[in-house]
Each structure stands twice: as C-alpha cells, then as structure tokens.
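Shared between the two complexes below is subunit A, which has subunit B as its partner in the first and subunit C in the second.
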Partner chain A sequence: MTTTDRPAAPPVRTHKEDRTWVGRSIRRVEDPKFLRGRGGYIGDMTVPGMLYAAVLRSPHAHAVIAGIDVVEALAAPGVHAVITGEQAAELCDPLPDFGPNPAAHTWRCLAVDKVRYVGEGVAVVVADSRYLAEDALALIEVEYEPLPAVVDPERALEDGAPLVHDDLGSNCAYERTFDFGDVERDFAEADVIVTDRLRWHRSGGQPLETVGAVADFDHATGALTVHTNSLSFTSYLFMVAGTMKIPANKLDIRPVPAGGSFGSKLFATKPAVIAGMCSRQVGRPVQYLEDRVDNMSNCDHHGSDRVYDVRLAVMRDGTIRGVDIDTVEDYGAYIQFGVGHHGNALAQVVGPYAMTSVRYRVRAALTNKNQQGAYRGFGSEVNNWMLEQMVDKAARELDLDPVELRRRNFIREFPHFIPTGNVYDSGDYDAVLDKALELSEYKRWRIEQAKAREEGRCIGIGLITAQERSVFSATEFWFWFDEPGAPVTSMPESVTLKVDATGGITATLYSCAFWGNSPETMVAQLVAEEFDCDPHDVSIVYQGSKNGLPATGPGGSRTTVMLAGAVEGATAKIKAKALRAAAHLLEANPDDLEWVDGGYQVKGVPEQRKSLADIAVMLHLFKHSFPEDMESGLEDSKVFDHPYTTMPSADRTDLGVFYPFMGHACHVPVVEVDLETGSVSFLAYAAVHDCGTLVNPRSLAGHIVGGTAQGIGTALYEEFVYDDDGQLLTSSFLDYLIPSAMEVPELRIAHHETPSPYTLHGIKGGGEGGRMMAPAAINVAVNDALAHLGVRVTELPITPDRLRAAIRAAESARGRE
Partner chain B sequence: MQRHEVTLTVNGRTSTVSVEPRKLLVDVLREDLGLSGAHIGCEHGVCGTCTVLRDGRSIRSCTTFAVQVDGAEIRTVEGLADGAELHPLQDEFWDKQGLQCGFCTPGMLMRACEIVEQKPDVSREEVREGIASNLCRCTGYQFITDAVCAAAARMHSGSSETSGAQA
Partner chain C sequence: MKPPPFQYAAPTSVAEAVELLAAHADDDARTLAGGQSLVPLMNFRLAQPGYLVDLGRIEELTRIRTDGDTLVIGAMVRQSDAEHAPEVALRAPLLAEALGYVAHPPVRNSGTVGGSIAHADPAAELPAVALALDAELVVVGPQGTRTVRAADFFVGPFATAIEAGEILTEVRFPRRDGGQSFVEFARTHGNFALVGVASVIETDGATIARASIAMSGVAPVPVRATAAEETLAGSAPDDASIRAAVDAAVAGLSPSGDAHGSAETRTDIARSYLRRGIELALTRAQDRR
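And now, the complex of A and B:
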C-alpha cells in the first residue's frame, strides 16, 4: 500500500455551535459519594463469609526455588489454605499475555521453579483476616538458591548474561527495525546530524489505592464472580476465564470504582486470578488487595525504562528532515503488553513536525525487575521527551531560536499522514504556541533570565511543543508482527440508555466503573445535550461483564470520544422511536415534527407537543395505543466501534491509521537550579492544550495539572531504583518520592479548541496530556538554565545527585580547557 | 492474642470495641465501626489518606494502634456533612473539582478541616504548606488549594452560600 491508496477517511462532520451542556464546567456527578467517604472502593467491600489473602514475596532478584515448607503456616490460627506457586500452576493456566512469545517467557500468578524479581509472589495464604494471613506468611519456609541477577538492559542483551527465561534462550524478547520514508536520503542530504544518547528511568502510576479483587466461586454452578478495580478490557475478559480454567460464560467481572489508575490498573488481572483461585480452593469469598509493597514491587505496571541513541537530520535553516531512533527498553521479567509502548510512540513519533522519514529500532530486554505495564502516556510520553531534547539540541548546535525552530517545522495542513502512516486529524500548532508565549510571559522571562544570570542565578525556560494522541485501536500491539492472523480490531465501547415512564434517563456503562476521570459526568453531559435535561438528573449505572455489551475500557485517552459516539448512537435509536410514538399520539406526520427543548412538537405549532415524559409513559404502560410493531418501553443501546482505524500495509512500510485524534500542547515551565545543591524549583508554569472540543473544561484542566504533577515526579523525583543485585531500593513512599503540594507549582492553563472532523462535537481525548508534556519541558528548562555552564542533562529523573554530577563534570571539563 | 476494650467517641457517638493490641485505628474504624471513609493507601504514614482528627488534631490512623486512642474523640469524613447538607469544605471540593478519584479526599478533607479550624484566615500559601502532609496523585493540588481557600473564606465570613457559580 502506498500513500495514494489509503482507505477512505470517515465522513467529515459538521458540529453544532449552540451547545448547552457540552463545554460547561459543571460539578461532577460522581463526587458526592466520594466527598462523604462512601466511595465503594474494593477495600470497602465486605461479603458474608469473606476471607483474606496475602502473598509471600521473593526477597531475591533471581533464584531457584528449591523447596517450600508450608506445614507451620497451614497450622497457624485462622488459616484456611496455603497455595504455593507449584500448586497454583496446576489450578490456573498462565496469565493473559500479549507478549511476543508467551510460551517462552511464561507469566503466572505465582512463581514456579524460580523467582525472577524482588517482590514476585511465591505463595498465597488465605485466612480469617489479613493480620492472620500475614502472620502465616512469616511461617512459610522457602529454600532459595540465588542466581546472578541481570539488571542493566544493555548488559542483559550481551552474550553470556544470566538468562531471565531459560526457554527463551536470550534476554531479547523482541527486536525489529522499521523504516518509514527515505531515511537514507534524508540523512545523506542533511546539513547537520544531531546525535545524542538519552536515558529515561522507570517510574510508575502509583495510585493511592492499590489493585484488589473480591472473588466468589460458586461450586454449585461453577460460576466465578469477581469484583475488581482493574480497568479491564471487557471484550478480552474471556482470557481471564481461560486462566481460571472455567468457561467464559461462567465468569462475571463486576467493576468497582478505582482510586486512581493512570494506566496502572489497565487489565490488571493477577489480583483477580489470585482471589479467584483462592476462593475456588476454600469455597468461600476471598479478598486479595495488594498492600503498598505488593503494589510497588509486584504490580506489573512499572512505566517505561529506555535507553535511546538518536540521530536527527537537520538542514542549516532548521528544517528537520528525519529521525533515526535506536532504543533498548528494559521490560523487566515479563512482557505482558509486548512492545505496544513503542507502537504508541509511533503514533506521534515525529511530534508536530513535518519531517519525512523515520527509522525506529527497538530491542526489548528482559531483566530481573518487575515487569512493565501502563503508565499515563504508554511510552509516547517518552518519545515526546526524546524528540524535544533532540530538537532543543539542534537549536543549540545550529544557533537558532528554539521557538522559531519548532515553528518552522510545524505541520499546517490536515488531515496529515505522518511517515509511519498514522493520521493527525486536525490541529493549529501556531495558535497554541502563540497562546502559550503570551500566557507564559515568555519574553518577560527571557529578560528575567538574563538579569538573573548577571546575579549568578540559573533560571531556565523550557518551551516544548508536542503531541497527545487519543483513541487507540489495538493495532499498535500487533503491527510488529508480519502475520497478525487478524483483521483490524475495532475496540468498541457501548452505552445503553433507558427512558423510564417518568422521562427520567438512566445510562448504563459497560467497560469499567470509575477511575478518577469522570465517565459519569461526561456521559451525563452528553445525554443532557441530546435530551435537553439537567445532567445531574441523569442516572449512571455500571454493568458487569456477564450482562455486558462489547466494551474495551479506558486507555489511550479514548473514553470520552468512544462513549460520546455510543451515546449519540443510542440517542438516535431512542429518538427515532419517540418520534414515531409522538407522531402517533399527535396524529401528525413524523416529518412535520421537530425535537425542541426535550420533546417533539409540530413545526410552527408549539402547543401541539409531547414531552419525552409524555411519550415515555405511553410507551411503558399503553403499548396497545400504538401500532402493532411497536414494543413497550423506551430503551436502546449502541455498540460504537472505533471510527477511524485502518490496516497496516503487508510490508509494514505504512502502519495504517491507529491513533487518529491528535491533540497538541505547549508547556512552558520556568525553573531555577541551585548549583550548590542540585535542586530544581519552579518559578512559573504555563500550559496550553488543544484536545479538540471541550466537554468539561475544569475537568480537563484538572487532568492537565494532575498529569503535570506526575510529570514533575517523573522528571525530578520518582524512580524505581534497583541496585546491581536487583534489590528494589525504593519500595515505599519514603523512598519513592511523589510530589506534594510544595513541589507542584501553580499552573496557568489555557485551552485551544480545534475540533476533530471525525468525532461527535469534535471531541478528542485529553486525559494523559499533562504527563506527556511535563518531563520533556522540565528537562529542556533545566538544560536552558545550565547551558551557559556547558551542562546538558540527558537522564531522568533529574535528581540532585545526578544534576550535581553533571555540574561537576562540566566544571572539570571547563577546568581542563 | 489478648484483647483490650477500647472506648472511642467517633463523630459524637461513643462505642466500645474489643481489639487485639496490634489492631490499627484505621482497621477498627473500617471493620468494627463500619466507617470506610478513612482509606488505607501506603500503610506507613506517608500518604495521609487515612487521616482522621484525634481531639481536633490530625493523625495517621494507619500507624496508630486503636489502644493508643482509648478515650479519645475521633472525627472522620463521615462526620463532616450535616445530613443532606455538605460541609463547606465538601461543597467547595465539589465545586472546584478538588478531587478526581476520591481516594485521598477523606484524608485531605480532614486535614483541611484542621487547617481552617485552627486558622480561619489561612493564606493560600499556608494552605499549600498545610496540605503537603497528604499526597494526592490526581489533582496536582491546585484545585484542592482553591477549594480549601474558598471554604475557609466562607467559614470565616459565616456564609453558608456556595461561593462558586455553576457554569
């Protein structure tokens, strides 16, 4: 397939101008229960007869399990069962795994034969209380035979490195190089090739609530019911049934609100499987809820951990021609999502810049660490950081203004297909940049910076312009393989709308409960927009997987767009029936009726009118007043499939459209670096985002501030540090430093709205944007503060010791001159 | 293990519970008294989602044994609202979107309650410093700060009106 024979884009939509509820910062409908401490989280759930599970974790990074003695633990007070990894392997099949070769890097709920990282579970105890379960854990005797650990991802790929998985025969789980466009020509013709080596260390979502499940296996029916705060792909839950060795129609997964996720509860199946396995074993409901150490060391959701060697092909005038990326990613001991994180990066790999070629080489290294999962950005935030460091370095090497260099390369015509084949649906990067320059008082800060420098103070301004893709299709997980054996995946989302006999509306959602975003508010606003009611009068309920419609769940900033499409579709069906009913009741032709302010009325004759409640009561109770083919009730559903995704080409020179609704942002932090201590503080921070049409501006602003706070953590504080022996040194919040109110500055936020041509109201997703921008911007700011001293930081997080080391290195380099 | 009788007055209601000496206050509140508002986040006293007030001062209920607070007066998030009427702090958290996932919210509200009760004319900077005792992973603290300041102003002026107009 070439660029000329792409499948047609969806039709371009027109968006209504006079919106009533979409675009208003209403109070969130979810909030009252949380404000009253009645959130109904998984830890709040009690079931009669419920027991509690606790998992024994490995203290070794890599060791053979020579034996486990559970006799004493089994005899301990209140203990109902102890299940070792070996027993678990008989009770359950391996966990659902999208990795490249699951048979050779097999992932189970508890380790069998050997442990592969500190924190990996080796046995589980079920007892009357969590206290008693933990007492019994201390009585389990495990005989370990320690093995050498492999911790550094590049060393892991060297010959002779200790093998994390013997069956794989290597620690390289996956390797591939893609070329898009004419890479050779762009680099041959470049005036300057900017090169750098960059290192992004691992952090993670670390929501304040850990992952948990309450499982209840009914031996009478063979049915397993699991309540969990995992944001599971409802459509893929049959895989959990497979792990549990039960028929998929005997599994019901019921969502409960999640106390934060940030990706880290995405398809978190292990706690549900452990609880389910235990419940089946003891014949009673069992709660397994990770404690903080479980979560930090064993959550399967550490974030990206990358080494980059990058080349950027640039012309003297600042035109960027292409980028050549060679990255090694440290996936840890397993690789449940494959290299989907790099697929994600490829959705926006060139940023907002009109470059014509991309080379992307990825090597996935397995090491003795907890595995990667998802963290807000899913790997594209790392690409943003890498690209912006390179663009910034290009500006310095070419002695060009960093703002003008960026502006010179902006994409300005949309829809725009980037070299990888993904489309950017719409955007106005100049407008966002202009707004950010004004909001941040960029010029004033440049003057302040010059003044401060005369006083010996190091102030830096970190302007970056970058992308925030939204609404994934699953292509990014499988286009790495030449024979996916499947057509393009549609990743649906569903909504049922029910109008009761009084005209009250209830919306049913299917893929998840709530995870800190506001699906209920957003659906309520969209329903209110369609039906002219008050969003706070819309009821929202959640359905379990067993009675569910196809649904994928949150991830990749998809929920708002997908639920909007589902609400629109369900509304259309309901209004069609209501229109017919109204026409019948008014003895009018349906073509002569119009929807006005919550009801149907005869055009030009507003007194001839039936409100939605008038229509609904008739449809609920008086079916025989209507034509034979009309059924009682006023309820309908819409399964909304991804509106714009296309197949990759067979030769993978074009990956197709897989992340089409492209947001954009410009972040401008102003920092001051203390040369003596290596600390970084914020003097100002401005952020302008364009996520298309806004549904609830304050909610989005909240995500921008919160995501930026996480980005500050990634840039300056947070790191899962493993020592050379694979010990996790940061396994509590005392060591793993989450920014507090004293570290996060007040943000100035502005929105720009470039509607998507392809979605309802022109909405794009925006839940990840803050964290996708902040690390890049802060790194640029720190380098801007220290460039005159010859300091350039290329490693995140920029902890005081790393920054001091960079300052010292520059001082000694200057001393040698 | 030997059990101890502990008498607590929680949100004005006095209860006596029989607990092991190792049982944490947060577990007594959640399991014995049915008050699940105080959450368990880190279990080592850092995150603050378990924050409750003991005799008016905030404590970490996840690092406090119930036997340590025998006879104390405890206030939890469940005691903030007056029936259907939200406390000004709750109302302003709602209005300013001072919460997202809601998990830190009970602890944050109780810490904020302590701050505004101790210093009715608290400044924005003091609020920021004050709530730095508690982690929030969602909001980046800005809208929490907005909410606490707005609630403090309302409580200080004695107004029960909502300060924020709804868009």
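And now, the complex of A and C:
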C-alpha cells in the first residue's frame, strides 16, 4: 500500500492553550477512600448469608483425571456443595476465549478429563468459611494418571512432543509470517547483518488483592449479580452470561476496585463464573477470592515468555534498514487472547527508528503451564527489549557510539507510518534524548565508568530510546486471521455527566474500577477544565454492566484518552442544551453568548450572564419557562469510539492503524555488577517520557516509578520458574522475588510534551511506559558493564545464576585464548 | 491458605508449657513463638499441629541478661529487641549485625531469637551465629533441663536436638574477644540468604590467634568452616592467608542448588562472601587493638 491510498486520518485539532486544570498535579481524588481503608475490596465485602468457595488444584502438570471421590468432602462440617470439573461442564459452557481455535483448545472454569498445568482447578467446595472449605478440599480424592509434561516452548513444537490439547493435534496454536516492506532488498543491500538469539522468561503482575468475585444468584428472578474486581467490561462481560447459560439481561456485573492489576485482571471471568456457578447451586451468595497460590499458579495472566531469533540489517554508517524477527511464544496451556501480544509488538516493532522493512514470524506454542493474559506492556515491552539489545549489539559490531547510532535512525517527520501500517502520530525523539542525556548526567557517568574500570569495578550505563504505544484498537487481536470470526469492535468508552439542580456535576463511569490509573482524578480534571469548577467538587460514580453504556475500561494505556473523548462529547451535549436555555433566559441570540468562567454571558456584557447553576435549577425545576420541545434536566452521555482505527489490507502486508498515539521515552540506568556474585545494583536511574500533553504530572510520574519498579523485577528478579516436570517452583513470594523499596533506586524523572494532533488537549496514554523501558535499559546497562570482559547477557531475568554462568563462560573462553 | 483446625493454649510458665506439651503429645502439640515460620507453614498445611502451646505469655523467657561473661538471651526475646539491646551490641556484636539481615523489621518485631534457632532453617542467620560463637542452648523438658552445645544442636534441615515435648528456653553466648562480622548474600533485602558467613577473629600481635567461622546456606545445617579456621590460626593477617583460608574452606563445600542458585553459583558466592566476612572481622579485630 502506498501512502496515497491510506484512509484519511482524523482531523488535526487545535489545542486550548490556557488550560486551568489539565496539566496540574492536583491531589488524587481517589486517595481519601483508599488511604482510609474505605476502598471496598472483595475481601471487605460481606453479604448476609454469604458462603465461601475454595478450589482444589492439580499437583500435576499433565495428567488424566481417572476419577474423583467427593463423598467424604461432601460430608465434612459446614460444606454445602462440592462441584467437580465434570459437573461444572454441565452447569456452565466454556469460558469466553478469543484464542485461535477455542473448539480445539477449550478452556473451562474447572478441568475436565485431564489437567494441563500445576494449579489448574479440578473441583470447588462451598462451605461456611474458607477454612472449612479448605478442610474439605483435603478430603477430596482424585485419581490422576500422570502424563509426560511439555515445558519448553521449542520442544513443544517438535514432532512427538506430548500434546497439551489432543483435539488440536499439535502444540502450535498459531503460526504465520508477515512481510512488511521490501525485506529481501533491505537484507540483500545491508553491509552488516547483526543476529542474536534472545530469551525472555515469564513473570506477571502481582496485585495486592487477588482476583475475586461475590456472586448472588436469585432463583426467584433468575438474575445473577456479581461483584468482581475484573475489568468491568460493560462491553464484553456479558459473555459471562453465555458461559453461565443465563440471558445477558439477567446478569449484572458490578465493578469493585481492583487492588492492583497491572493487566492481570483484564477480562478475568473465571472467578466470576466459579462464584456464580456455586451461588446458583446452593442458592446463597458465594465469595470466591483467590489466595496467593491460587493467583500465582492459576491467574490466567502470566506475562510474555518468548524465544527470539533476530536479524537486523544495518549499513556501515549505522543506518538500520530492516529487522527480521522469528519468535516462539510459550502461551501455556490455553491461549485466551490469541496472539494479541504480538499485535502490540507490531504497533511499534521498529521502535523510534526509520526502518523500511520488517519480517515477523510468530509461533504460539502450548505447554503445561498456566496461560498468559495481560501484563503491563502486553508484549510490546518484550519487543522494545529485543530491539534495543539488537541496536546495542549493532553499535558494538560497527564500533559506533550507541547514542549516536540511535539518533542517526530517529524518525523526525510525523505523522509517520511504520512498515506494519501503524502510525506514529507525533514525537520529538531528539528532544527527549537531549533531556535524558542531561538529566542522567550521561557524560559524567562515562568518566566515572572509566575510573571505576581502572579499579576493577564494572559500571554500566544503559541508555535506550523506545516507544510507548497507547490507546489500543481491537484490530490487534483480529488482523491475524484472513477471515476473522467476527467483525472488529471499536473499543468504546462512555461517560455520563449530570448537572444537578444546584449546578453540581456528577460523572458516571462504566468500566473503570480503580486499577491504580486514577480514572476518577483524570475525569475530575477533565470535567473541571470544561466547566471551570474545582475538580475535587466533581462527584464520580460507577455503574454496573446492567445499566451500563458500552465501555472497555483500562488496558493498552487507553483510559485517559478515551475518557477525555467521552467527557468532551458529553460536555458538548450539555453545553449545547445549557446554551439554548441561557439564551432563552437572557432573551438573547445563542450566537451572541459565550462560555466564560462557568456560565454563559452575552459577549462583552458580563452582567448579562447565567451561571451553570442558574441554568441547571431552571432546567430541573421550571420546565414551563422554556419552549415546549425542551426537556427537563441537564444530563447527557457520550459513547466515544476509538478515534483512529483503519482496517488492514486484505493480504495483511499493511495492518492499518491500530495504536496511533505513540509516546516515547529514554531510560538511563547506571548499574554496577558484582562479578563475584553475579548481582546487579543501581547507582543512578533517569527516565524521560513523552506521553503528549500531561493531565497530571505527578500521577504520571507515579506510573513511571511503579512501571520501572516492575521492569526492574522483570529484568533482575521475577520469574515463574517451572522445572522440567512442569512443577511451579515459585508459587509464593518466598520464591517469586519482587523488588521492594530497597531494590528500586530513586528515579530522576522528567517529562517532555509533544501533543497528539488527534486527541483532546493532545493527550496520549502513559500507563505502561516504565515497564516498557526498564528491562531493555537494564539489560543494556549490564552488558555495557561487562562488554570489556566479553560477557553479553541475552536472557531475562538476569539472575546471579545466569550472570555467573555467563561470566564463568567468558573466563574460560579467555583462559583458552 | 488456611490452617486446619487446632487447639490453642497460652501458659504463663515454662513448667506449665512443658506439661501441656506432654498432655497433648497425641495431638502433635507444637510450641508457638513469634509464628513467623510456623504460621505460614500451617497456612500452607505443611505443618498440621493439633495443639499449639503459645510461649508468648511466659515472662521469664523474654529477658536479656548476663551471667558472668556469658550473654543470656531468653528464647522469646523478639528479634528486634535483641537487635537493639545494648548488651548484645557490647558482648555479641555478631548477633546484632546478623539480626539486621533477618527478614524485615515487622517480621523481627514478632519473630523470636529462640524461634529462629529452634526452626533451624539451613539458610537462617541465627543458627550460623550460634555456631560461630559456640553458643549453648538450654532446653527444658519433662526430664528436666539440659544444655546442648551449638555444634551438637543442628542435626538436619529444620531439625535440632530438641526432643518432642521439650522447649528451648535460653541461648547462652560465651564472651568472645576479637573482631566479629556477619555478611550475607541475599537476592533481595529481607529474603533468605543464599550464603551467610559469621566470623570471629582474634589477633595476637602480628598473627591471627584464633578464627571461628560458620556458614549458612551451603549445607543442610549451618557448618563451621574448619579448614579456613585452621589455615588462619597462626598465620599472618594478610591477603595471602585469607586467600588460602578461603580456598581451603571452599574446597570442602558441596552446596545443593535450587531455583535461586545452582551449586556452582552458591560456591562462587560462598568464596566471595567468605573473603568479605574474614576481611571485615579481621579489620575490626585490628581496629579494636
């Protein structure tokens, strides 16, 4: 496709310059309730008559369930029901699944016939307390016939590997190779082809409160009410009704604050279905709340787990022409979101660099592990890491300065379409880099590094420049198939604004249970900007799915941009009505009025004015003062659809626009490596992000700190380790190591603002950037510290084991020389 | 992660506690100290005692005192209290330093000195400290009181010389001169260490008079680095002696590996931390003189 036949972009906007509230670090409006312990998590909820469920988990990675005896468990004190996988399969249909072939890799709330990973549920007990439920679990006897497990993704794709799903006939759930641009030519003409093999192991988001649900099935009405801390997808959670085999209009899903998600609660349906199924069986409300082992072994949201073979086509002067990526991803035992994670990668696959071609081969391997879901970055962070390691390696092989090599390849004209078809709406990568060089004191650290080396100390500086895509469009789940199973959704987000009779404003949100991303603060600031009120005076409420408008909720750093669009749209409707009402009350022509400081007034005549409160009270109570066709009240909603999505080409050589609002960042950690122990510590860390126009600099900085902390975890500590038999060795925080305040250095953070031409105020998303950058930057830093010793680490997390092994190998290689 | 049912009693004297343990032996009665190891094990149902005897109300076990040259720490002294006690800083600085590595402050506020030693986690700090300082463990049971030397106390991973029905009441640390140090390598702060090294080194003019070195994390029980001790004794306090001592000790190690470190990596780390520990203790010994 050439540029000429691309669908039109949305109109370029002009942004308001004299903003009052957008851009200010106001106190978060969510804080008082959470800091006072009034957030209202699942664990805080009690409903009269509520019972508790606990799930029996498979100790085997792969085994046939030959029989289950629940007689003793049923007779145990306080037990109300025991439901096995087989019974559950009669009570419920399979779980909602966006995988490539759900009929052949069917995913249910409890395993039937065979278990496919350690931790998979085989039965659920409902009892008076969680204690009694767990006592009864110990009395269930399951007869397992163990099968050989397949744990390594490449081995899983080999002939003769044990099959995770017999119906699929292989462990390859998806395979396809895409060519974007003239790959053959770029590689044929390249001076140097840099190659590498890289391995990213799985970790995952670790929420403080795990996933849970309180379900209450009313046999009198056939209605099921579920409080859950999943994303309250008013747009999609109706699918739970399908699984439960109840009409969707009998289901109400109410959002509960997530208590941490980082992606890991995205569209979490299993706990809601388990609680709902149990409630319907026993006729009482049932709470099912995962404990930590449940969550770590069975949350369905492990993060990416990839093997890469990569080639980078580079010219002697450092120009990067193209990249050829061949990746095998270990999805675990199921594949609920298909290979959408690679859509994320393809959104920014070339990074900030002006490459002309990309080859992307992806193979999705099924293995005997818990399945993948979402984790901050959704697969784009893995691509960032891979690409930055390759660029870094290119700099070494060409003996070019790594900063200059990056700068030489920067994209400088926007909007810019990358070879995959996605657009980068705006950016200023030089400005971000310059700021980062200064903030990090890069030059000084290079001098320190040289001094330290003379003393035998290994200091490394890891500068990376990478992309931070935001506001995903569902096509990234969809363009994988020539004939997708359904048309593509626009991922809408909705807001209702109500101006009450006193002029007070209430905003209703439909899908934003608090995820840590401050949706209430964002909406309060945006509403305040529109209506000239104090953001702390805006009241924010949530609506359940039953009375909800279409809304997708957080994910893919979309919330703020989407909420802004919805707030803008709802505001426009309200202001149109208010303008008409004011004109009537002032006996003026609407064209002669202007919005000034929270009300409408006759242009140039400030005393001829009606405040929003004046207008609202009239509209609420005194309808007869207005023309016949004016309705009472002042409330309106906006369902805001994704603002910039274009369709892929039929042959998929162009995937269209699906992640248009492109942020950018430069991270510069300075690390010291202890050669003797293989441990890595931080001497400094600087980060500059450009997420377009800032709504609240402090809350964005919070995202950057938290995301970077998680990135440090991914780079150095966190890993779900499965042994060769598929046993999960890290199923509690004793073994799954999370960095604490002691491991995370003080960050120096700066923002740069390049507004998006297409969004309200020029906002871009920024919820995931820290974790998209840190693993790449830390790996580069560690390699920078050790390059003079011939050590290069290509596997994350960089544990003492892996680093010592690399150091030992380099030592013995030097010994041989 | 909920424990199975159990009964619970909180006696106020050691005698009463011993009686309760005997009376409920059939219920697999266990002592409960700070609960920082036992309660997680019960939540995972890896321990399922039917009866818990909580030592938390026994006053006499919460004292830190001196007996001549010996520092005596009651089994129920909280780890954080011992960490900050002036007597400990003065008489067993090694113990105070090691306590700073045990978990995080909130855990140390509940966890006890006796609980850690009775629990005998091979990666724990305090058993190695007890071994390096030649501590004596006082144990009370139905047959009366007996004293066990640290060298005889740790018999396997999570296994000690305490018999069923017995209670550890006191840990006695004899006075040691010289420089003391505790160093360890843990992957994150507050987590169990891969390797810990407790060192006590006495110098006599230009030579090392005596060295006591114990290591955690490298064997099923804390071990004395006897080869290093012997190499150091009588040698000059220089790099060559330290290197020889480290080499001698490491040659005798065969740690087992796990998800956090292979045997090879643990050996590498042991080599590094032995050197650091010895160097630090030696520097302190020389500073004291």
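Assume the second predicted complex is superposed on the first by the 809 of 817 C-alpha atoms of A that agree within 3 Å, B and C clash if a C-alpha of one lies under 4 Å from a C-alpha of the other, contacts with A are read in each partner's own complex, and residues count from 1 in each chain.
We adopt the following convention: a contact is a pair of C-beta atoms (placed from the backbone, for glycine too) under 8 Å apart; a residue touches a chain by one contact, two chains touch by 3 or more.
Note that the structure is a prediction, hence the values are computed from the model and not measured.
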item	value
Touched partner set for A:Ala8, first subunit B, second subunit C, both or neither	neither
Contacts of A:Thr708 with subunit B and subunit C, given as first, second, both or neither	first
First (subunit B), second (subunit C), both or neither touched by A:Met742	both
Comparing the two partners subunit B and subunit C, which touches a greater set of residues in subunit A	B
Partner chain in contact with A:Asp801 - subunit B first, subunit C second, else both or neither	second
Touched partner set for A:Tyr41, first subunit B, second subunit C, both or neither	first
Contacts of A:Ser25 with subunit B and subunit C, given as first, second, both or neither	first
Contacts of A:Ala486 with subunit B and subunit C, given as first, second, both or neither	neither
Partner chain in contact with A:Gln206 - subunit B first, subunit C second, else both or neither	first
Touching partner for A:Gly260 - first (subunit B), second (subunit C), both, neither	first
Contacts on subunit A seen with subunit B and repeated with subunit C across the two complexes	131, 291-292, 732, 734, 738, 740, 742
For the subunit B and subunit A complex, residues of the former touching the latter	20, 22-23, 30, 35-44, 46-47, 49, 76-78, 80-81, 86, 90, 93-97, 99-106, 109, 128-129, 131-145, 166-167
Complex interface listing, subunit A residues touching subunit B	24-28, 30-39, 41, 43-44, 131, 205-209, 257-262, 291-292, 514-518, 698-699, 701-703, 705-710, 732-734, 738, 740-742, 744, 746-747, 770
Contact footprint of subunit A on subunit C as seen in their complex	1-5, 44-45, 185, 187-192, 194, 258-262, 264-265, 268-269, 271-273
Complex interface listing, subunit A residues touching subunit C	130-131, 134-135, 138, 291-293, 674, 676-679, 717, 721, 729-730, 732, 734-735, 737-740, 742-743, 799-801, 804-805, 808
